[in-house]
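Which chain is which? They are A, B, C and D, in the order written, and residues in each are numbered from 1.
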Amino acid sequence: MIYYRTIHFSDTDAAGVVYFAALLSICHEAYENALQVKGIDLNTFFTSSDIAIPIVHADIDFYQPLFCGDRIQIHLQTIQLNETEFEIKYQVFFENNLDKLIAKATTKHVSINSKLRQRTPLSLSIIKWLEFNQDNC
Amino acid sequence: MIYYRTIHFSDTDAAGVVYFAALLSICHEAYENALQVKGIDLNTFFTSSDIAIPIVHADIDFYQPLFCGDRIQIHLQTIQLNETEFEIKYQVFFENNLDKLIAKATTKHVSINSKLRQRTPLSLSIIKWLEFNQDNC
Amino acid sequence: MIYYRTIHFSDTDAAGVVYFAALLSICHEAYENALQVKGIDLNTFFTSSDIAIPIVHADIDFYQPLFCGDRIQIHLQTIQLNETEFEIKYQVFFENNLDKLIAKATTKHVSINSKLRQRTPLSLSIIKWLEFNQDNC
Amino acid sequence: MIYYRTIHFSDTDAAGVVYFAALLSICHEAYENALQVKGIDLNTFFTSSDIAIPIVHADIDFYQPLFCGDRIQIHLQTIQLNETEFEIKYQVFFENNLDKLIAKATTKHVSINSKLRQRTPLSLSIIKWLEFNQDNC
């Protein structure tokens, strides 16, 4: 799955470049986009009172600064780790240059029964979504 | 009620100053602080499934730029407009200079029955809170 | 000029809807998009050390909540007020329904000589851009 | 160095808790606070045209959700890695409970000559600041 995005002014900071945490938000947009493309309703997905899939870990490495107006593409790849966990890998490139990696990031997600606050198996629809996105594009 | 705040790096944009919409967020923090100081539980207040008090209007005027590290104070004043509505006025100053206004803002709030999506009278605890904050400090 | 956007998870707050100040940010994206479409380099435009065009006023009215995943369109219209000032009007609709206004907003911008911190006439390229976007679409 | 903070409404998302990337921003505030406390001017520090100290890596682990109004404390510890790099470790606790870790994070920073875009030794004032904050509190 590839997500295209233009860097907004609100993504930047007084150093003139994208604020570090903003790029993680942009990676999360790629995740949302990949869900939506496969017909998963985002509002239901993120606000369900039964099952929540919070992020339990995130990391990001920056190789190059990004500026307001830069057009990027994010390649997303999913890995199901076990019955209750998955990981998403993000690679950030300029829209027109796949040779040079701008940043790479990971988010790790755990399926939780919201009421019991305990791990619960990933739903079938998520497992299918993870399979669909497991190959890097 | 006065709210003290230091301008964070994440509040700024590539023009080197506070991003315009970020200052409205900071004003909202002053509102949250004023609620919390009077013993109102913020999480319950903002996520109640019965009554919601969404913002239906906001405006802001900027007289001077703010930079990362600037220490500001926000003076908040409330006005109950009628049975279901109130307004909050915010005046933003530097921490050590009340002569020069940096910005002023307004937010207008309406009490809504979340299920019926209809106006509902402001609760007694909010009316008391509005009275307490009606005089500018 | 019309700007299309999907509501991101990061735009929302614990009330389950778009955070009020986030919608002003999204309107600003429509402004950035309209600049970029006409060949104006955003990074140069927003970080120029000679001329700055800060926002001196913003207002927004909300008629309906927006949820994560909602697809919206923003109609942007510019008005040159005088030699140094312009205003942008934004109308926010759902992607597939122009009958019901979700929100409307305004931002007012002043051209400033960054060194002297004084008003300076709008550049020719901006005046042309304002003319191009003066008719509502 | 300890940084105290209340969770703002703007930090939360539609799942009702702090948005994952927002907690990294809050950790960055602890870094800014630790700089400011030792007399380092934040605006000069972050917008210097000679030396920049961008973040090249960040990671965060979440052990518990945070809600609007929650009062937290962040413990910050610095590690100079070599002549040009340092790392900051953050531990997030509730204000009144140091037994249970809510989250932990790391940011890695590299000193760069902004013009040459090459690594340059950390300044003496930063090395002193790193020494001051090297012991966990």
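Note that contacts are C-beta pairs under 8 Å (C-beta built on N, C-alpha and C of every residue); 3 or more make two chains touch, one makes a residue touch a chain.
Worth saying up front: this structure is predicted, and the values here are computed from it rather than measured.
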Taking each chain's centre as the mean of its C-alpha atoms, which one ends up farthest from the centre of subunit C? D
Pair joined by more contacting C-beta pairs (B-D or A-D): A-D
Taking the mean of the C-alpha atoms as each chain's centre, how many Å separate subunit B from subunit D? 27
From the mean C-alpha coordinate of subunit A to that of subunit D, what's the distance rounded to whole Å? 23
Mind pulling the subunit C residues that touch 2 or more other chains? 9-10, 12-14, 16-17, 19, 21, 25, 28, 43, 46-47, 67-68
Subunit A residues touching subunit B in their complex are 9-10, 12-14, 16-17, 19, 21, 67-68
What part of subunit B is in contact with subunit D in the complex they form? 6, 8-10, 12, 16, 25, 28-29, 32-33, 36, 41-43, 46-47, 67-70
Can you check the complex and tell me which residues of subunit C touch subunit B? 13-17, 19-22, 24-25, 28, 43, 46-47, 52, 54-63, 65, 107
